[in-house]
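In structure tokens below, several structures.
In what follows, chain A forms one complex with chain B and a second complex with chain C.
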Partner chain A sequence: MQKDPSRIKVVVATDCGSTTTKAILIECVDGVYRQTHRAEAPTTVEAPFADVTLGVSNSVTELQELSGRRLVNDDGTILRRTSPDAADGCDVYISTSSAGGGLQMMVAGVVKEMTAESAKRAALGAGAIVMDTIASNDRRRPHEQVQRIRELRPDMVLISGGTDGGDTKKVTELAELIAPAKPRPRFGGEYSLPIIFAGNRDARPAIERTFASGGFDLKVVDNLRPTLEREHLGPARETIHDVFLEHVMAHAPGYDRLIAWADAPIMPTPGAVGDILQAIAKGRGINVVGVDIGGATTDVFSVFDGSFNRTVSANLGMSYSISNVCAEAGMDNVLRWVHLDMDERELRNRVKNKMIRPTTIPQTHEALVFEQAVSREALRLAYVQHKAFATELKGVQQQRTVGDAFSQSEGGRSLVSGMKLDLLVASGGVLSHAPRMEQTAAMLIDAFEPEGFTELAKDSIFMMPHLGVLATVHERAAMEVFERDCLIMLGTCIAPAGTAVAGKPVMRWSAQWDGGSAEGTLMAQEMKLLRIGDRAQVEVTPERGFDVGAGPGVAVKREVRGGSVGLILDGRGRSLAVPSGAEGRRLVAAWAKALELHPD
Partner chain B sequence: MAKAYTPGLTVSSRVRYRARRLLPLTGRITVKLGDRVKATDVVAQTDLEGDITPMKMSNLLSCAPRDVPGLLLKPVGSAIARDEPIAQSKGIFGMMKVTVKATAAGTIESASDSTGMVMIRGAAQPVQVRAFTCGRVVDILGNEGVVVENDVSLIQGIFGIGGEAYGPIAVACARPDERLEASCIRPEHAGCILVGGARMTIDAIRRAIDVGVAAIVSGGIDDADLKALLGHDLGVAITGSERVGLTLVVTEGFGDIAMAARTHTLLTSHAGHPASVNGATQIRAGVMRPEIVIPLADEATGEVQAGGGATAGELSIGTPVRVIRDPWFGALGTVAALPEQPAVLDSGSKARVLEVALADGQRVTVPRANVELIAG
Partner chain C sequence: MVLGADASFLNPDKLLLLVVLVATCACIIASMVLARAGRVPKIRRIAGLEAVEEAVGRATEMGRPILFVPGIQDMDNPMTVAGITVLSRVAGTAAQYDATLDVPVSRSLVMQAARESVQAAALQAGQPDWFDPERVRYITDEQFGYAAYAAGAMARDKPAACFYMGCFFAESLILAENGNAVGAIQIAGTAETAQLPFFVASCDYTLIGEEFFAASAYLSGAPDQLGTLRGQDIAKALIALVLVGGVVMATVKVFTPKSDRAPTAEMAP
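Take a look at the complex of A and B:
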């Protein structure tokens, strides 16, 4: 039963990651919700412990020691408050989980660019890792598709296809490929593989017949693409969450107990991050991009004009996958961000050594510069993939007027726009633990190339997953903690969009802040950092051909937020081009100096 | 005292080793509890269901899907040969019939009346699991596998490619810091597990493949050489299924790096002894490192000894460690101090560190995350 939000004053939240279980304590202090303490302990989902609740108890016990508030019973369970005045215990305990590899799904749809893409969006939005997308037109022959299905070991399969009332044959064919291929679930033979069917409602009887043989647990939900013009992902997403709890979690060691402890359904970690970003975007009426770069993968989340998208770039990460980043981006692209002389053969061996010993950290300045260069490319590639995925619905018939004939665009235009982006949020080791906040800001700007005015922030301790679940039980508390404790504001970047020509001006600018003011002309290829404190009033007038949001050459006057870095003026133009060789190194060194990235 | 963040790799002259030998799915166990087995003996086997070949029969026969089951020439469940007629249309007044031949051999598994698709299931594929090491079968794991136990010398590498290989140990490099060159490899090394020293060169690997060496174990490999061998840049360290002609195990890392003297001494002391090698590496949750297993007898004897896997150990003053990141990558030494407070590194980051007395007499400060224990 959902608790009355007004009676929730103390919250314990955990996030059970693959290696670490992170616990935070949120308390209502003087009428405002704040995150007051944090603790962590190794996750205990794998042998020899094989019980996730041990790690949860350990992390909450550390929280108890740090806070002085008793939070754990003698038997290891989470202590609840017996009365509103009780000094010990919490009112609500909530958790997310990505332990044991998170939620791994296979999705299938009839047309790759339409129903299969919608199915993928539903799965990713629910926090899953999509292992593969099977579609009738994915250019693989049927036996190759069957072979692929047999190789995968998903936790569940989502099938979509056909609009309601349309053709049933294609989607049934798809089911007939999947059923005899008998994909084996990760959790062994005893487990009936959940199949979620969210396709043409007229195909349901045929689908039910196809999966009637043993080994499957079929759930039928509303079509996620009832018409070509409409995507309806809610029911499929909710069923994915339900199945995740009922089946996947129930088979993971100790999760039955964890589910019983928690006061809200346990969510997959990325699903919770998506929820909190959507809530923030909606609450502030802004467009947001969030990124979480890990050792193996990079997650990108975006909310543009209310449309939420998430992508997981498998094998773009900073330790397990660092070698893959260098292979995909090319060493030349990595090294363009390095202003120091480095030996390429030596670097290649270092990259591999990081891959095989992923827990090591850069000790020298040179190693740090190189790792941050790799991160720029990992983030850039992940963002490119995200932009290609976060699009308008494809396959939709468009009505055009005569005027459109001169500005026709293809269907499936990306929803992600550098100019419309208001807030860019960073999390993940290389961004969160950079020795200087300026380095985090620079990595974000170089990789995401924001245009116009964009606020930059980082998630202080990767608290977004906890707050995503908290929002389901107490939205105000989640918002307050997000604004006050979760985000560390880095500052604002103003980057005129246009082609920068060396030696030419890009914009004139002036800024006034508490205790100071400055003005000047920003030249092409110039970067400038202003330490403005919390806020500043700025006026920028872009040159002809440059745009800061109001149109080419149109001046903008507005307030901007500062932060631990300040106001960054980026005169490099868009899209960003870094010359190769000595000229590139000279420029990168100049940008690093302007942004005070490294000690003198 | 503090926990080491990076557990060391096992290099042990005698350890009670238990090989869990599992089928990918349930099957038949071919040995009994207590049996003595050789490394290459099959201990369990099963049949993987055959491949499925779909045939869009309604298209091929130009008929409605609902007619397909009635047009099959053999009932569902029947065996069918490749190119054998499987279905025939009714034609027009019994004339101009279209006959469709099976595109694969197997069994007709299903014929759908809603899509007109016919599925042919191919012959089952046998899968066998070998004992991997000689020893005694000490546990039967239901219908999924067995545990084989023996006392062995065990060496874990840091990285490998290729699957399981067997053969006697032969020494190609007499010193751990000697580079493994093509000239070190002789025809009599065919079928052997070859012990190198420092970096193995691409020429040496190619020569070993030509000669028919079963596996190479050496200190390092250059990334460029690995790329040349595989034909692509390895993106993530999940290996074991490569088919390059032999198995490779790297004990230290990438680059010009000598094998740890202790590892080299242990391997060379077993020259001529049969051994098993697995290059499979998985550096993710549930980490798996390549292994060289040298049985010390036909079966385990004597007292039970600590066994097998790498475990996080204690870091204390005097503990032998290896630095696993630049600027002292590969250097060996002992822990000289364990400051409690985090220190600021040259990179500007703050981290918990330790001081290491290096073998050459230098005393250096290193992040705790950048060392591994080398006691086996």
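Take a look at the complex of A and C:
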């Protein structure tokens, strides 16, 4: 039963990752919720322990030692408060999990760009890794599709296809491919593979007949695309969460006990991150992009005009996948961000070393510069993939007037817009642990190319998963901790969109803040950093052909947030072009100097 | 008196046409040779042609047919020929998606060409069994009889995608409005300037004039065809330049005082 939020004053939250279990303590201090302590311990889901609760107990025990508040019972379970005045225990315990590879799904739909894409969006939004997407137009022969289904070992399968009252034949054919292929689940032979059907309601009897042969646990939910004009992901996402708990978690070592401990359903970690970003975007009425760059994958989350999307770039990461980043981006693109003389052969060796020793961190200045150059490209490529995925629905009617005669844009436009972006949140080792905040800000700006006014922030200790699940039990607490403790504000970037021509001005600007003011003209290819403290009043007048959000050449006056970096003025134009060779190196060095990236 | 014909190899009155013809051919051939050598021209994206897959996908998801109307003129009309080219692409995609394609036609010869085109597209897509000749059928030569049939078919079958590719006259708005009313994605293409505003207003995408004729090269992506397209554009640009030059010269002549002009044959005593 859900607790009354007004009675929740002490919260313990854990995130069971693949390697570490991170615990945080959230307390109501003077009427405001704050994250007060943090601890971590190795995850114990694998042998020889094979019990995830051991790692949870260990991390919460450390939390107990740091906070001085007793949180763990003698039997290792989480201690609850017996009364509102009790000094020990917590009111609520919540958890997320990505241990054991997280939630792995296969999705299927009739048309790849329509129902299959909606199914993929539902799975990714629920925090899953999508292993493959089967569609009737994926250019694979049926035997190839069957072969692929047999190779995969998903935790569950999501099938969609046909609008309500629409196609039944193709979606039934998809089921007829999956049923005889009998994909085996990751966990255990006795485990019935969950199949979630979220397609045409008229096809339900045929689907039920197809999966009646045993070995499957069929769940039928509302259609993801009842009409092509509407996407209805909610029921499918909720069922994915339920199945994740009932089947996947219940079969993972120790999770049955963890589920019993928790006061709210355990969520897949990325799903919880998505939830908190959606809550923030909704609460503040802004558009948000979040990124989490890991060793093997990069997750990008976006909320634009209330529409949430998540992508997982499986081969873009900073250790296991670093070699792929260099191959996909090209070494020339990586090296354009390096302002030091480096031997390319040595850099290639460095890449391979990082791949085989993923936990190493840069030991020299050159290694750091190179790693951050790779991260820029990994982030850029992940963002490109995200923009291609986060689109308007395809296959819907366009409304036209005669005025559209020469400007007929195609359907399926990307929802992601650099100019509409208000807040960019970074997390993941290379961003969170960069020696200087300025470096994190520079990596974000170079990779995401925000336009107009954009706030930059980083997740201090990767607390977003905890807050995502906290939002389901106490939204205000989640918001307050997010604003006060989770995010470290880096500052604001003002980047006029337009083509920058060397030697020409881009915009005139003036800024006033507590204890100072400045004004000037920003030239093309110039970057400028202003240390403005918490906030500043800014007025910018872009030159003709440049836009900061109000239209080409239109001035904007507004308040901007500062932070540990400050206000960054970016006169490089959009889209960003870095010249190659010595000229490019000179420019990158000038930008690094302007942003004080490497002051030593 | 004996009357005889004065045969001549060259008609000097039509010399200018010959020059234009040779210049146009030279442009096209040169451009084709360049394209074959690897300098393939880039064509901007044509939204209407890019949307073919989206329209066919919509029909597949909704389990409804696709309606293709290749105009109301015969095969001697270049717009009908261009329409059949687009039909080939639509049929190939529909065969791949296993969607139903209906092609009512108003000329018997067009029916034959359309059937062959659809069958070839199905074969190319690896779905020979998908082709059903009865789906490509003759209705009537009468303009409004044909329009009435097409409108009725739309009301009955509620196609999810409608294509209007060819030569259209007064029936254009009847077709497009009916398609719009049944909620279909509509893609039109014609060079009939009088019908274009109707299509633009009521269809999702419209191929306008030259875009429609460029469809074949655009869809095939073959260097020869793309080269031809560039050659034609260069020739048209040259002709436009000559026209502008001629207008300027004629204008200058009008404003030049007669006394400054050289004496002409008529003026000579």
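Keep in mind that, in the parts below, the second predicted complex is superposed on the first by the 598 of 600 C-alpha atoms of A that agree within 3 Å, B and C clash if a C-alpha of one lies under 4 Å from a C-alpha of the other, contacts with A are read in each partner's own complex, and residues count from 1 in each chain.
The working rule: a residue touches a chain if its C-beta (ideal position, glycine included) is under 8 Å from a C-beta of that chain, and two chains touch if they have at least 3 such contacts.
For clarity, every value in this text was computed on a predicted model and none was experimentally measured.
Once chain A is used to superpose the two complexes, chain B occupies space next to chain C without a clash.
When the shared chain is aligned, chain C comes close enough to touch A:110, but chain B does not.
When the shared chain is aligned, chain B comes close enough to touch A:323, but chain C does not. Of the two partner chains placed by the overlay, only chain C lies in contact with A:228; chain B stays clear of it. Counted by residues of chain A touched, the larger count belongs to B, out of chain B and chain C.
In the overlay built on the shared chain, the residue A:8 is in contact with neither chain B nor chain C. Look at A:94: by the touch rule set out above, it reaches neither chain B nor chain C. In the superposed pair of complexes, A:168 makes contact with chain B and with chain C alike. Of all C-alpha pairs spanning chain B and chain C in the superposed arrangement, the closest lie 5 Å apart. The contact surfaces that chain B and chain C form on chain A in the two complexes overlap at residues 168-169. Here chain A touches chain B in the complex through residues 18-19, 46, 100-101, 142-143, 146-147, 150, 168-169, 172-173, 176-177, 180-182, 184, 189, 206, 209-210, 296, 315, 320-321, 323-324, 326-328, 345-346, 348-365, 367-368, 433, 435-436, 598-599, going by the rule given at the top. Remark: chain A residues 110-111, 113-115, 136-137, 161-163, 165-170, 200, 225, 228, 394-398, 400-402, 404-406, 408-412 touch chain C in the complex. Those residues of chain C that touch chain A in the shared complex are 45, 47-48, 50-51, 53-55, 57-58, 60-64, 96-98, 183-185, 196-197, 200-206, 208. For chain B in complex with chain A, the residues that touch the partner chain are 5-6, 25-26, 49, 51-54, 65, 109-110, 112, 114-115, 117, 119, 121, 158-159, 222-224, 226, 233-237, 253-255, 281, 283-286, 324-327, 329, 345-351, 366-367, 369-370, 372.
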